[in-house]
Each structure stands twice: as structure tokens, then as C-alpha cells.
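In the two complexes that follow, subunit A is the common piece, with subunit B as its partner first and subunit C second.
Let's turn to the complex of A and B:
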């Protein structure tokens, strides 16, 4: 290849690269406008005193100090961990169990798969409003009707501090568990049936097959879904907003809801709202980092 | 889905043992119970829609007294839901178009063209997957105001053109296409853009269908950003209207339940038409989203 030819090729490559970047440009601009710049901007804004959309002046960590010093922040932080606890208790093992049950069926598997996925398609807001009628304290509330058949007297649910968070988690689990179960089912179907056959020939009971073949095979998947579940619990916001307005007495107030209140709840304090957002982001980043650290360690052993 | 092939822990010969056979019966029972739990609230809200206010707040029966559709038609026209349906339709149509075009082109760039430096973009997109969208809703809202895009569908449409999950889904699908076809088209003198529209897109109908279905549903269900952006009553979508109802409590409880039914009808129709695509792709979307 002569020097000239080489030069032409480099030019062609360069022209091609420029053309490629031009094709990606609209998408990149939108990602910048809607995702990347806002993430960066919320960090910057959290360090400023704001008035409406204007940054008035740099005030260092004052927003953070003022936000974290308030009682509602501590309550929301505690609530968010309480949400996580209940979500793991109610919602973590259930999809695994569902996937195992549906995976064992021979007839009607397609029907079961479809039916459990249905709630996931419904708009989250409509679901919350629907369930608010279930847990209504009136005599006509669905829970009171159903429990009334068992002789339980009508009672209120959403005004009881110890019940609101578990109820919100039950609703979220109703909506999401089926979709998660499908993911586990996909993981389980990649286990070779020959493994079970071989174990059965060696005399392993059904329980032992579950314990020693099925569960180890989905362990890594379960780890990934665990971290995704925690991330999604930290985003809980409109559920308490609509169902309980964060009450009773802030008992269901979540961190993201607190952020929304600072920004759009009348005060329009975007700086403090951003401070809350940054705190949530930091918690999520730490958890993701811890998870990927352990995940890497584990794959080293494999 | 090959239902004939048995992949479960319980093997066929296990069923000879009485205990396993009984266990299998329990499994079927539990599956049916789960289906009932999944479907009952939905059936209930539709039944509740037939009740008038008096019956809704006082009756302790699940089944309504009458099955006249009159309450539904009255609520529909009184609240002017038709207008909100139209707005939702406009919002959804533009969002799907943006989701396909912009994420598709970006996915084409990092999946097939791969110009120098594309890895930086890919890394950035992967990182944004982990960051929940609502976390930066405040500065995003400010951006929209700065660009004078308030009270318009435009920012809602464009926001669907910046979806990290869709970009990755496109990118992975494009990577799986045979490179030789794309190279051949380039040899024949197609520009990069031409080969995207004439070669890549026609081959990508399955992934476009999947992303369209999920984008339709996501855009229909979205209400936080639309609520902030579409302040005027003129442009409110069904979901924004429902959110306003629920926060301002301006409608009666029975009309509220009928509004919930109206909000759920399109996703349910979508679900019944595309249940196969939805359940088969729940895995990739679930893990990445």
C-alpha cells in the first residue's frame, strides 16, 4: 500500500467517524438534556441557595445541613429503610416461590405465566387508587367486607402507623411479583433437566433437588434482582403521596416524597429538594458498589 | 414456549409416589389461587364501577345491584374523559415515535457503526440505567422551563427519545445482526443513514415491536413529569387527570373508581393483544429497567 493510499484510507475512516457521530448526535443531545445534565445539575443545585429556577448564591453544604437537621428527614430516612425491610420480607422470596410453582405445572403454564404478569401492565397510579378502596376504613371497604365474612369488625387501615408501610409494600408486591417471577422462570428453565434426572437416579428427593440444584442455580440472579428491588424501593414516592399523603403523622413519608414536597409542595425550594435527591443517589451508589464488589469476588471463586 | 417439554424439578416418574402426587395437586391449587389474587382486584373495580355513590359507600356486597352501563357513560361525559383520551393518544404516539427513532439511531451508533470513542457513550448509557429517572426530576423540570417547553407535549415526546434501557435493547439486537449484510450495503454505496433505514430497520421489526409496546404502556402510565409539564387543563392526559382527582379529591368515590377503569382499559387491551411479546420480553426489560 502506498503512502497516498494509506492517507486516503485514514481520511475515509475519519469522514466515516464524523458521519457516525452526526447520526448519534440527536440521541446524545436528548440523553444530555433529559438524563446526564439533570443528574449533574442536581449536585450543583444542592450546593446553592435557589429562588425559583435561579441559583442565587453558593452556600456549600447548608442545604444538606438544614435538610438533614429536620425531624421529617430522619423520619423519612427511617421509613425508607422500613420500606426496604418490608419489601424484602414480603416481596423477595415470593417471586421465587411463584416461579417454582408455575415452573412445575405441565398444563396451563402459559396461562399462569400470562395471568401473573397482568398486574404489572396496569398503570401504577390507577393501581394505588384501586387498592385505596380495598383498605378503606368504611364498612364498604373491600377488606372490611371480606374480613366481615369471617366475623371481624370493620376497622381502619390507612390511619394506623404500624400498618401503612406494609400495606404499600403489599400493593407494590401485587403489581410487581409476577413480572419478577417470569425472570426467575427464565433463569430456572436454563437448568438442564438431565441434572434433575441424574440426581433422581442417585436417589435425591424432590426437596433435595430443589435445595442442591435449583436454588444454587438462581443464586446469582437473585443477587441482581435483590439490588434492583432495593433501588426500586428507594424510588417509592407517589404511592404514599396518593394513598396516605405520607401520614398518619409522617409514618409513611418516603425520602423521594420529601424531595417532591420541597420542590413542588408549595415551597419551590429546588436547592433543598436537590440535596435530598443527592443523598438518595449517594445511598444507591454505595449499595450498588457494595453489590458489585461482592459479585466480583464471587465470580473470582467460580 | 414448548409446554410439552417438562423442565421442572418434579420428574414424570416421581408422580408414582402418592406424596409427590398430592404435592402436585397442591401446586396446581396454589397457582390457581395466585391467578385469583392477581385478577380479583381488577374484576372488583369493574364491578364497583356499576354502583352509584350511595351504593358504593354503603353496600357491603361485592356484586352491584344493577349492571346498567349508565354510570360509566355519565362519568365519561360529565368529566369529559374523551378529551383526556385524545391527549393521551397524542402523547403516546409522539413518545413511541421518539423512542424508536432517537434510541434506535444511538443504538445503531454504538452497536454497529462504532466510531472512535463510542465506548465512552456506551459506558455513560450503562451507568444511566442504574439511576432512577425521578431522582433528577427537579433539574429536568427546570431545563424544560428554561427552554420554554412548558404546557406542551414536546418535552414528553422527547423524553422518550432519551431512554437508556431502549438504547441498550436496540444495541444488543443490532450486535446480533449479521455484519456481512450491512457491509455489503455499504459496498453498494449506501450511506450510513441509508443502510440504517433500508437494511437495519427492516431486519429489526421484532425489537421495534417490543420497544413500541413497552413505550406505549410507559407513556400511557406516566404522570409525574406530565403533571408538572401539562399544567393547563386543556392538555391533561388521562393519568394526569386521575392524579389531579386523587390529590384534590374533587370527584366522588364512585366516579373515581370508574376513572380508574377508564385508565386501565387501554393497557388491558394492549396486554391481551400482545401478551406473548410481553411475557417473553419481560426478562430483558425487567433486568435492565
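Let's turn to the complex of A and C:
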């Protein structure tokens, strides 16, 4: 290749690159302004003593030491893992089940698709208020009215430490499971019908078809949705904030809610709030890295 | 609808039809044509407010335009919260005037997030007429003033008379036999629970509310003076004191309300201020610690007829009878100029928030009370934040004109204040919101866990709040 040809190719490549960069530029600028800059600013703020949003002086890791040394942080950390556990227990398999059931439905499939997605279209706060009336401990609470018909005395639900997190997860699952089910349905629709036909000819039961065809086909999708669910649940905030205000006695306080309390709950300590935010980010980074590691390893085996 | 109200309404309607603002003769005069500035009004009613309220503010604006022709008023409805105000103040976008509750001024002042109006108040000659307790709430350590009281309140107790009647707690005149002490509160609440199955007392113990109400109970158990929940030692350091025998006794009392007398509402830990009013108004609870400024909540807003509603003084404890005095105030953006401060005081004078009287202010008061009566809210005297006898007497005369309640259901509350049989006390002096949150957690613990160790829980809260005080003030 002559020198001239090389120059022409380089210029063409550069011109192509510039075009690509120009296309990406608005997105990059927006990302920089709305995502990266606040992210780095938050990390910087966590290392400073603050007065409202002003940085007063550099204090190293003092905010982290102060925040992690408090009972409410340990409680919030434990609660957040508890949210994740209950979310996986209650909310991970349900969308798969819904997707399978709707997939098997021959009539009214469109109706069921819409029906399961409907709760997702309701505003989050409206959902919480709706369920708070359901789980109200007063005689007028819907659950107590229903139990009253069976002769059970009125019960308290949202003031019982052992119940609040599962209840909040039930509500979040009720709202979000339909949307996840639709993603699974999309994944399931890509499975070749011939596989099912072949299995049916070989006399495979429904359970075996699910076990050997359906589940392997959606495994990677489920893995991705799993990590997304963990990330999402780890950031749970408005549900406990509205339903229980973090109570009783911090039993439903999440890490994100603790961060909000430091910043806006009267303390106005943005440094400590940023420290909590950074800790949450680090935990999620570690969890995502672990998932990616195993995912890659699994791909290598494949 | 009274004849007088009909006439006022007709006059207002005629003025609007003719396209002229309703201004009194005195309001037409130009007071200062040289004052030139723009102020943004965060206390402007929202678009969703009743038309009468919006008309009222348009009228204020028209009067201001006559009296100060070169001052531009920019309506800028703003619903204050601490979290949304801070970035606005730092970014220079806060409205010139806004309305925070009395829990926040000291925090905002200490963080330099509000503007100084001392000189403007001096100019209007009202600096000396503030009730001293309000001056204390709205000034810094140098006596500079950063806010004005919008309305004051005193914490007492709202009563659902219907439930008292069902429980047999009424006298021969049908008036409620109400608790005068905290011990009676527990006992009467128990009677109500047994006779009606409803909660004797609704106690909103979520977020900061539980701690907020608990402080008032603690004062009546003796957490004042040297046993105060927070105080400054001889070195000037702020000290938290939640583990005094008085505070422990007060928290034990809270536990008894739940486990011994069982008078609290079922979902106390998730109930907030609005929820508490709702439970009282809908007949799910008989008593609610609440103030004179929220009597419209269980009545007009939740449907409790005014004849079934009473307001009584805060019950006394063994160590005294204290009631929280607080309210909402006006504060100003940190970057206001001297001219803007003057214009803001002029605007507040027109709103009737300074102790001045003229026809337009009296008309405004009449319209306000008439609207309350029409909504089914009790029309009762307001507790004035100004030590101005003429101003206070004029307001009382208008209340009498529009009154829709049997004042015997309110007499003890107001008499206890005017006769000094109850001691008014402002909120804990520093970082009250944080203090309330710490105490709310303890309240939640003792009312949800029967065997909770009260002293241990209070000690933990004390350590946590002390660390906060050290961090934010002592070692700042």
C-alpha cells in the first residue's frame, strides 16, 4: 500500500470517527452533566465536612467512619439485604410463572398480558396508599374486614417489625412483576416451537419440557434480570418511606432512606448522605462484578 | 349565610365585574413612589386554591400597586420543605418570601440561608411589638430578626365529643368530661376503648411527629430547666439529656398508654399528622394532641360536625402544665436587598400580618372568617403573636361576628393561656427536628415491644443525638 493510499485511508477513518463522535456528543454531554458529574461530586462531598451543599473542609474518611459506626446504619444495611432476600424469595420466580401461564393460555392472552402489566402503570405513591388501606391495623383496614368475616380479631401489620419488609416486598412485587413477566414472555417466544414438538413426540411431560427446554433458554435473561432486580431492590426508598416511614423502630429503614434522612430529614448533612450513597454504590459494584465474573465463567464453559 | 357576609360577597362580586380591585379608600394613597424593586411571593396561593383565596391575593397585589407603584410583585407559589429550599437558596432562586414552620428558622438562620429584616421592621415601628417568645425563635444570637410570625398556635387536645358521649363521659349539659391530667387521659382513654371499641388517643408516632409530641409530655413530667432534654453547659457546649429520671418516667408513661391502658390507635408508628386528624374526624379515635390552628382538619376536612368537636388544654403532668407554642412564620431569601426588605414588610402589612388596622385588613379578616364558617370549620379566636391590644381586640370582634361554635367547648383552652394556668413553651432550642427523630425511634420501640428496655433505648438515642450536637455545633 502506497503512502498516499495510507493517508487517504487514515483521513477516511478519521472522518468516520469524527462523524461517530459528533453523533455521540449530545449523549455524552448529557451523561457528563446529569450522571458522571453528580457521581464524582457525590464521592468528593463524602470526603468533606459540609454545611448544606458547601464543602467546608476535607476530613478524609470521617463521614464513612461516623455513618458506619451508628446503629441505624447497621440496621439499614441489614434491612436492605433483608429486602433483597425477600424480593428474590417472593418476587423472582413469580414473573417466570406468570409468563409461563400466560404463554400456555390459548384464549384471552392479550387480556392477561394487559392485566398483569396494569399495576405497573399505576403511580407508585398511589399503589402504596392503596395497600396502606389494605394493611391498616384499624378496624376499617381491608385485611381486618376480610379476617373479621372469618371471626379473626383486628390485627396490626405495619407496626410489626417482623412483617413490614415482607409486606413491602409483596406490594413492590404486585406492582412490578407484570412488567418483568412481559420480558420473560418475549424471551420465551424466541424458543423454537420445534423443540417442544420434538419433546412432546418423545413423550416428555410438561415439567420436563419446562426443566430441559424453557428454563435453559431463559437462563441468561433470568441472570440479567436477577442482577437488575437486586440493584433495584437495593435502592428501595419510597415504598418504606411512604408506607412505614422506616418504622417501626427502624425495622423497615433502607440504606437509601437513611441517605435521604441525612440529607433532607432535618439533619442537612450532605457529606454523610454522600458517604451512604457511595457505600451503596460500592456494594452494588461488588455484587455486579461477582455476577459478571460467574456469568463470564459460565459463558466460557458454554 | 349572614346578612353581613352576603353584603361583603356582593360588594366583592360587583368590584370584580366592574374590573376594579376591591381596595379601601385609605389603600388608594401612594405611600412611597421612590421604592423600586421586584419581590417574588412564595406565599401566593396555588392555581388549585379556591377562587376566593386567589381573588383575595389579587386584591392585596392591587393595593400594593397603589401604595408602592414602583414595586413589582411576582406571584410565585412555593410549597416549602427544608429539602427543596436549601438548593433554591444556594442557587439564588428562592422566592423573596416563603413560609416555613417554626421548627426550621433557627436552622436556616445558623446556616445563613435567610435574609435579615431587622432594619425594615424598625422602619415600620413594629420591632418592639413582637411577643418575646417569637423574637427568640426568629432572631440570631445578636438579636437580628430573620422572620415574622404568620400565625401562632398552642398545642392542646382535639376531642371527638360523639365518642365521649358513647362512653358516658359527658355532663348534664352534654359537655365532655375531659382529662385534665395525663393520668386521667390514660384512664378516660381506657373507658372509651372499653365502651366504644375505638382508640382513646391517636398518637402519630411516625417520622418526627412522635418525638415532637413526646417532648410536650416530657415537659409535663419535669424535663425542663436543669432536666431539659437539651441544654448548654457552663462551657457553652450543647448537651443532650434523655436519661433523666423525668424523661424515663415520661417514656414509661408512653409504654403504659400502649401496654397497660391500651388506648393508642393500632397503626401509631405509621400515622402522621394528617392521619391523626383523619382518625379523630372519622370517629376512629376520641382524642388527639393537636393545636388551635388545625381545628379545621377533623371538622371541615374530615366531616366531624363542629358541635361534636372540642378543643381542650394539654393535660397536666406531675411536674407541671406546659404546652408547646409554635406556628408558621414568614422568612425571606438570603439575598434580599434593603429595598426588598422594606417592600416585603409593606406587603405583609397589607396582608394584615403586621399589627396595623385599616378597612382593607378588616375586610380581609371578615372574608377569611366567613370562608371558614362556610366550610364548616370552627371560627375561634386566633392566638396573636403581637402584643398590641387594639389589634387583638379588633380581631376578637370579628370572630364574635362570625362565630359558629359553642365557646364553652373552647373556653378552658383559651382561658388557660390568657390566665396563665398553662405555661407556654417553644420547641427545644437546637436541631429540634433531629431530636424529634431520635425520640420517635424510642417511642416506636416502647409501643411496639412490650419488654423494651426504656432506659437503654433512651441512652442510645442520647448518644446518637449527642454525637449529632458535637458534630454540628460543639466541635464544628
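Worth pointing out:
Just so we're on the same page, the second predicted complex is superposed on the first by the 272 of 302 C-alpha atoms of A that agree within 3 Å, B and C clash if a C-alpha of one lies under 4 Å from a C-alpha of the other, contacts with A are read in each partner's own complex, and residues count from 1 in each chain.
We adopt the following convention: contacts are C-beta pairs under 8 Å (C-beta built on N, C-alpha and C of every residue); 3 or more make two chains touch, one makes a residue touch a chain.
As the structure is a computational prediction, the values presented were derived from the model and not from experiment.
After overlaying the two complexes on the shared chain, residue contacts for A:23 are found with subunit B alone; subunit C is out of touch.
Applying the stated contact rule after C-alpha superposition, one finds that A:45 touches subunit B and leaves subunit C untouched. In the superposition on chain A, contact of A:138 is made with both subunit B and subunit C. When the two structures are aligned on the shared chain, A:250 is found in touch with subunit C, with no touch to subunit B. When the two complexes are overlaid on their common chain A, residue A:198 makes contact with neither subunit B nor subunit C. Look at A:211: by the touch rule set out above, it reaches neither subunit B nor subunit C.
Of the two partner chains placed around the shared chain by superposition, subunit B and subunit C are both touched by A:53. The larger set of touched subunit A residues comes from B, when the choice is between subunit B and subunit C. In the superposed model, A:264 lies in contact with both subunit B and subunit C.
Across the superposed pair, subunit B and subunit C both touch subunit A at residues 53, 138-140, 263-264. Listed in rising order, the residues of subunit C touching subunit A in the complex are 81-83, 86-87, 90, 107, 111, 113, 197, 205-208, 265-270, 272, 279, 284, 431, 433-434, 436-437, 440-441, 444-445, 447-449, 460, 464, 467-468, 471-472.
Of all the residues in subunit A, the ones that touch subunit C in their complex are 51-54, 66, 70-72, 132, 136-141, 154, 156, 158-161, 243-245, 247-250, 261, 263-269.
Residues 16-21, 23-24, 26-28, 30-31, 33-39, 41-42, 45, 53, 98, 100-126, 128-131, 133-134, 138-140, 142, 144-145, 148, 174, 178-180, 182-183, 186, 188-189, 191, 193, 196-197, 200, 206, 209-210, 213-214, 224-225, 228, 231-232, 234-235, 237-238, 241-242, 256, 259, 263-264, 270, 273-274, 277, 280-281, 284, 288 of subunit A are the ones that touch subunit B when the two sit in their complex. For subunit B in complex with subunit A, the residues that touch the partner chain are 1, 3, 6-11, 13-14, 20, 23-24, 27-28, 30-31, 34-35, 37-39, 41-42, 44-45, 48, 56-62, 101-103, 105-106, 108-110, 113-116, 118, 121, 124-125, 128, 130-143, 145-146, 158-159, 161-162, 164, 167, 191-193, 196, 217, 220-221, 223-224, 228, 239, 242-243, 246-247, 253, 256-257, 260, 263-264, 267-268, 270-271, 275, 278-279, 282-283, 286-287.
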